[in-house]
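Naming follows writing order (A, B and C), and every chain is counted from residue 1.
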Amino acid sequence: MTGVEVRDLGGGYAPGRDALRGVGFAAAPGAIVGVLGPNGGGKTTLFRALLGELPVRRGEIALPAPPAYVPQTDRARLDFPVSAFDVALMGAYARTPFWRRVARADRDAARAALARLGLAEQAEATFGALSGGQRQRVLIARALLQDAAVLLLDEPFGGVDAVSAARIEALLAELRAEGRTLFVATHDVRQARGWDQVLCLHGRQIAYGPPAAVLTAATLQATYGSELIVLEGGRTAVGVGHHEH
Amino acid sequence: MVAWLTDPFASPLLQRALAEVLVLSLACGPLGVWVLLYREAYAAESISHGMLPGLVLAVLAGAPLVLGAAAGVLVAAAGIALVARDERLGADIGVAVCVSALVGLGALLALAPASPARLQELMFGDLLGVTGRDIVLAAALAGAAGLALVGGYRSLLLVGFDRGTARALGARPARWEPALLAVLAVGTVAAAPGLGSLLLVALVLAPAAAALALTRRLPFTLALAAALAGISGAAGLVLSYHLELAAGASVALCAVALAALALLAGRQVAPAH
Amino acid sequence: MAPYLQRALAEMLLLAVPGGLLGTWIVLRRLAFFTHAVGTVAFPGLVLASAWGIAPQLAALASALGFGAAQERLTRGRRLAPDAATGLLLVGALAAGVVLASDVFASGAGVDRLLFGSLIGVSERDVWLTAVAAAAAVALDAALRRHWLAAGFEPGSARALGLRTAWADRLLLCGIAVAAVVALDAVGALLVGVVLVVPAATARLLTRRVGTLRLAAIGFAAAEGVAAVLVADALNVGAGPVAAVLAGTVFAAVAVATSARAVAA
């Protein structure tokens, strides 16, 4: 697999009003890129651009294949009559023509993906009845089914219980070992230190590179501005305004 | 007891009414499920109420009612789309303005002393007056709507469940949201002659609401909605025969009563975290 | 001028007051569907009132209460979205009214009158009741408009005001129900929005300031109401449909004119 390369990317949702500009980086296959930045700072805009869904876009994007996207769990509807299995199976819809039933192999893959995320027993449960962390894992299982070379995860650890978080972390490592490129939007600076690259966004690209080089006080200050909290010992953390769901 | 249920259908009149209602149920039931899941109940209500002038003009011009229904729905949908675009008011105010103007216009045209239009049949349907040709027409329209829903099942599910990710999963909201409204329009046109502009929405929304309260997996929901719509239709006709009530209204009442029962008895929706 | 015409004109002018005052809040707080529903669900009650000889306004009020309670019950537990519940109750009420009417009214004219209003159907008692409703609307608006404004635009700070805002909102819904009830005889169960929603919506196109909005809404409602009565009398039809077409046309004209202005700006 090849990696992801972006050159001089900019754009937004309306002409003349850029949500993001000056983004350029190269991520190798088999890497986890942490994407940091305040809410509204461009993380989701970048993901939209990578998905090819940004209305106004300049610059170049080179992707091996269309990425899979894992949204924050509260974006999906909780009142739909679907089970966890049904949701996971959605990842196979794109490759199933409308006149055919979803292939047996894909059904098996959906069960396998749920099991991989520790949800084998919840396969028949109604999606809306699951906990937040479980639902996030189901959405990741759905992305797994797309078998994509590039995955975009939008704050997958937000409000998720410890068990789910551990499962997700383990999975990310596995996917990385399989040679996929993962972009993980997060507010957890400590977590980002453990990954391969970090991209800091605040309307524009502040920095990109290995965590040791990027996660300096100055860069974080430029990225988060007033949302930054300095803990004792000079370690920094991000106190983010909790966005309304 | 069985005789009580089957007696009504000895007459060809009621046989045709039953055929009409069953044909409509196959489309309106599943359509209603999608309308509710997409939270478009207000739109469904508005499009059906707003087509009244189209129906009246068809009667005045001596044209087939289905044509009037189609024209009425198109005008209503276009008007609603236009007004909903105005950000100052918000969509539901604009829709309210548009629909009340259209309903008023329809009533004005129909109630003018010189007008022969039978307003009540247009508003409440003429289920007992359906001919074989009407049934074939309804079947064609309902069939088209039903087929579209079957073919679009997975795409509609993707867009409805998680609009933001739908495109990455292979279904574009910009295509499927209008598609659902188009199917709603076709279903509305199909049901208008039999049930009337004011009552047809009962067959769309009520069985679907009941089905959603009683099932946990979407394929069963869609099937149950069609079945409950058919049952409401048959039950409504039986009641209308024995109690000498208006046929369309009886069907609508049965559907709503079924929905009320199912909602009171059915499961709780999982609370949003 | 014939007595029935005098009463109809008085009724429409009086209706303009709650129409404009409460209509402002209906538009600002997005309560159009509720308003339409409150009017429409009165239909079966009106049929019964006609059969049993009781005051229609009483039956309409009872229907409004029943509707509110049923709406609350159906949407509890979030099994059904509010719009869907309203839609179901609406169509159920219409069907019930039709079923009841087929026993009560010999011809269709009775149903038409209930659904679309009638000029000759406005009695002196109706006009007095409307006057009372108008006064009540003025009083309610004067007392509660600050709460209604806060709850509509700053729900956070409104929550801090707490219980009083919740009660203010309930009173707003009650006020709307009362206004719809007194409008029924003039414009009919299906068209209460013509008095309560469309004039205020038209005014909203012209201004955002609440004070001006209210006055403009009353103005539009009054002018449209009077014109509708006179035209309806000339055409020998009910006032409701005429008012609907008139109000809709005025709205469209204002919308086109102001959007052209907005584009030019």
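Observations on the structure shown:
Here is the rule we go by: a contact is a pair of C-beta atoms (placed from the backbone, for glycine too) under 8 Å apart; a residue touches a chain by one contact, two chains touch by 3 or more.
Here the structure is a predicted model, which is why all the values come from computation and not from measurement.
Innermost chain of the displayed assembly, by C-alpha centre distance to the whole-protein C-alpha centre, is B.
Among the chain pairings, B-C comes first (most C-beta pairs in contact). The chain with its CA mean position farthest from that of chain C is A.
Centroid to centroid, with C-alpha atoms defining each point, chain A and chain B lie 41 Å apart.
Chain centres here are Cα averages; for chain A and chain C they lie 49 Å apart. Computed from the mean C-alpha positions, the centre of chain B lies at a distance of 26 Å from the centre of chain C. For chain A, the set of residues touching two or more other chains reads 79.
Residues of chain B in contact with two or more other chains: 212, 269, 272. Contact of a single residue of chain C with at least two other chains is seen at positions 78. Looking at the complex, you find that chain B touches chain A at residues 37, 151-152, 154-155, 157-158, 160-165, 167-171, 212, 215-218, 220-221, 269-270, 272-273.
Of all the residues in chain B, the ones that touch chain C in their complex are 36, 39, 41-42, 44-45, 83, 86, 88-90, 92-98, 100-105, 107-108, 111-113, 118-120, 123-124, 198-199, 201-202, 205-206, 209, 212-213, 244-246, 248-250, 252-253, 256-257, 259-260, 263-264, 266-269, 271-272.
Remark: chain A residues 51, 53, 66-71, 74-83, 86-87, 90-91, 93-96, 98-99, 126, 128-129, 131-132, 142, 146 touch chain B in the complex. Chain C contributes residues 27, 30, 32-33, 35-36, 73-74, 77-81, 83-84, 86-88, 90-92, 94-96, 98-99, 102, 108, 111-112, 115-116, 190-191, 193-194, 197-198, 201, 204-205, 208, 235-238, 240-245, 247-249, 251-252, 255, 259 to its touches with chain B in the complex.
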